[in-house]
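In what follows, chain A forms one complex with chain B and a second complex with chain C.
This part shows the complex of A and B:
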């Protein structure tokens, strides 16, 4: 019975396919789901049973939003100064990156100059080069420039460094957005007597706004998530950003297992990332590939 | 009066901020790393050096490299072994497992919604801020509060195989190190491969299907051969970034409180990789010269690999790694 045979074979293949999908993509994903489920469940419950089952709904883990909380790290800890520090760093990085890379992206996309090709190769090479290697030398440079251990000046130094590390790739992305704008539009304005600056400001800029938006979100998030630079360079505890603060609380887990507080704080800190990610997934996807993470 | 700027200068005006930033954040530190690698800069002469870069208290020396390359540093052999395990293990996930993953999600799975849910799931580790990701792992493998051991014994792994601590004991700690980084790295391969699979002309696959090929045959005989370049790209790219990455290892195994305790339990747990060793030499032991020499070796490897990539891939492929050439 060849027909029946074929049907069973097709069924077998379909089953095999589903098994492959489950073994490769679903089962290994279970830890990820569990971890997120725990993060959320733990932050809203007094205690959890069996790892992820919440019991006793409570908001007291989130009390850090409206009162001071006591931790091993600091007796009366208020989270808002740390939020302000993180925002300062992230907004600063985003501003610098957008300003510099939109100018550079425009030049790379639209202008003829000697060494343009070399310049682009250089940017791609920088992009491939893992910047964390430079941490030690950057530490010495910050010291030399007098930006170390000086309050907000230090945070500003970190902001400049972080922006500098992000800028080559950001310029590359913005160049891509400029490349997609038809030349004719620009020509028409130039022929009508616009200066190049005016063309840039009134014609090109509005058209690349989505690109600029993507880059600013991305650089804001990378500033928001930055851990190593702040952890390594900031010695003044008042200037810690959220990730460093949370890291310190993690290392206190053994003496004071405040999982509830920690997860609530962690979720609070992750929230902007998740919001941006869910609203502009496609754009961020393109960009996240280029990150420095292994 | 309008300021007239020559055509030749204008592009450079636009590029100057970029160049300045690159100089501060990349070129300067790069040169400084090389320079420091040949000095004995440490906590002893650090302040003098900050005041004056050419102070006589800092000596030029090649002893850093003699210690590293001559394996005279007692830790270096161990560090090299750990680094090889780390990079090759994680690379297997990032380059090969992610290929299976992409074929499963982007080709085998025809249901759009399920495919999207899986894709988002696998992206989460990359998107989540590192500290939170590390926190979730610290909890997950905790023998008292976490789920790792519970899950493993639920699927029949004998209790005696499960460690008291996934963080402290080898080989579990090394498995954990590879998993933590692998979950992040898998999505890199997934994004590149998925884009490449989507860019394969449907005719090619349909023709094979009409001729009676199964989906498995299509995957093996059409998709995998066509993904040769993206695979090479992912492998190359990830090798370099893995060699330099230690952030998650520092977060999970590091000492917490202060950079002066940067090593934490990494050495005892067998997860002290090259780049973390360099970090610890600088910020825990404050031997900046030696640490720079360790970094410099990574810089040299990195530059050599980048030159190799340009030779192998050419500029175009470096820019658009996900295009498939049919």
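This part shows the complex of A and C:
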């Protein structure tokens, strides 16, 4: 009798656990999944019944990929210049962030200097600033530096600002990877016949590569999805990035927006995010788990 | 193979002195152990020989070449770290081949050497694995292989056995010693384990608080320790110490401390008497236990008995001081029992209480 009781209780506990997991993790995700499913279905459907139900298969919503489309915003709109703008910004941000944060992370992890701890706290505090409150100050700064209103230079200015906002956190992440490399490993390489540079190249770099990879993906994506800075500082329509372009396409209410086209563009815009997250899940997990286990 | 010479080497980290005025000459092909408690500066010394740390003062010579300012890569030393420090992203093969690749050795030559070392250390079947897939003992051998493959002039070992389990440690002790003699490579071995140092090394440098205490062959350290530290550090169970003074009565010398009264050999007694306050030291195996009266010696009561199988450590109390005695297991005594103990006169050491130095006579 007591044995049976215990078994029932164990079963109950197990069921309760599963229910909690479903409530906490699965149910909140359902609306998000429904929205994505709707987006995908919508982008391939010819007509929409009652504004909700998709029907009839077509590829015409994706025609912006191979032809110019006429929109309320621009008569013969080609998406590729905007893709190029967005790529320019995102790759630039990623490059700057990796360059600075890998060096800063090494210094923070390996070098002893006065006020190192204070500096690290300060860096984290920097990350806490939302960019909105900096908009005006940054505008004045960019203007004074001649990085405003001059074609691609404007985008470059935004690139620098965005990288500046990303670098603190990235430095911390990379510092964690450097921390995990014991001094013994560097010393062993020195004894084995490496110069300092070769130690970095053959031992340290391969071991922090996951960290650099993760940081570059994160900063690429944050550059790719940057909206506020571009929306605020870019006045030349030719220099819009994808998020701002889509925003203008949606917000033009003078005529009926072409929902099918918009959903397809939206999906196209999220593609890099989806690709990166699905291919680099393991890498991203390692940021949180950490460690350079062989 | 080279001689290694440290001349007045000191190392300071900020205001902390890690190594002070160290003078060590290691002969060609010799196996020298640096022995001491943790924090005594032995690993710092090793890292200075490797070239990782630069001495704050003093010079280091390999043969007659001053290598003090040479970077590690130009010294041709092989080193095994306590953590083994294998490169986790490389296979065992690449780990061993790494120093050879840096030397720009031809590929075929590298392959030959790696396989030769792997055969020597019996790790041939592990060459394709990554360090993360190896056991501690295997990692240790790979680390040794990496250090040996480059055919170093000096082999530096930093507590290489301390992360192995007890059984493997005893096995590797003999293996390492045999290997070192076969290769004839000058070897400096850092350890805090006096048994390792005693069993493997040709000579042992005992260090404490950054200073060299004594540098000599194991049996000399054991039988003629230079000071209280060496006497207490070498040997297990450790030497017994009793503080007291030497007095002369009718031409005979006695060590006295409360209930203790031990007759000393005349020469030792004479120099002991000159000092006054001394510390008497005697090893556990140099004390004998008697159950009967009338044979002289000191009266003692049994405190605890620790049987070890082959022999027992019998702890006795004499006037409040506990002494350890190594006795054959056949001697059966019970706690609380009164016995008499006798000191082997020729095996008694006297140390100056102030300086800690052992009193010697010629």
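Here is the rule we use: the second predicted complex is superposed on the first by the 234 of 294 C-alpha atoms of A that agree within 3 Å, B and C clash if a C-alpha of one lies under 4 Å from a C-alpha of the other, contacts with A are read in each partner's own complex, and residues count from 1 in each chain.
Here, contacts are C-beta pairs under 8 Å (C-beta built on N, C-alpha and C of every residue); 3 or more make two chains touch, one makes a residue touch a chain.
All figures in this text were calculated on a predicted structure; none of them were measured in a lab.
One of chain B and chain C touches more residues of chain A, and that partner is B. When the two complexes are overlaid on their common chain A, residue A:53 makes contact with neither chain B nor chain C. By the touch criterion defined above, A:207 lies against chain C but remains apart from chain B after alignment on the C-alpha atoms of chain A. Of the two partner chains placed by the overlay, chain B and chain C both lie in contact with A:195. Using the contact criterion defined above for the overlaid structures, shared-chain residue A:185 touches chain C, although it does not reach chain B. In the superposition on chain A, A:168 makes contact with chain B only, not with chain C. In the superposed model, A:26 lies in contact with chain B only, and not with chain C. Residues 195, 292-294 of chain A lie in contact with chain B in one complex and with chain C in the other. Across the interface of their complex, chain C is touched by residues 182, 184-185, 187-195, 198, 202-203, 206-207, 292-294 of chain A.
Residues of chain C that touch chain A in their complex: 47, 50-52, 71-73, 77-79, 81-83, 85-89, 98-99, 102-103, 130-133, 146, 150, 156.
Across the interface of their complex, chain A is touched by residues 2, 8, 10-12, 14-15, 17-18, 21-22, 24-26, 28-30, 32-33, 36, 49-50, 53, 90, 94, 97, 100-101, 104-105, 108-109, 118, 120-132, 134-140, 145-148, 150-151, 181, 183-185, 187-188, 191-192, 214-216, 237-238, 240-247, 250-251, 255-257, 259, 275, 278-279, 282-283, 288, 291-292, 295, 298-299, 302-303, 306, 309-310, 315, 318-319 of chain B.
By the touch criterion given at the top, residues 13, 16-17, 20-21, 24-26, 29-36, 38-39, 50-52, 96, 99-101, 103-104, 106-108, 111-113, 116-117, 119-121, 124-126, 128-141, 143-144, 160-161, 163-165, 167-168, 171, 195-196, 224-225, 227-228, 231-232, 243-244, 246-248, 250-253, 257, 259, 262-263, 266, 269-270, 273-274, 277, 281, 284-285, 288-289, 291-294 of chain A touch chain B in their complex.
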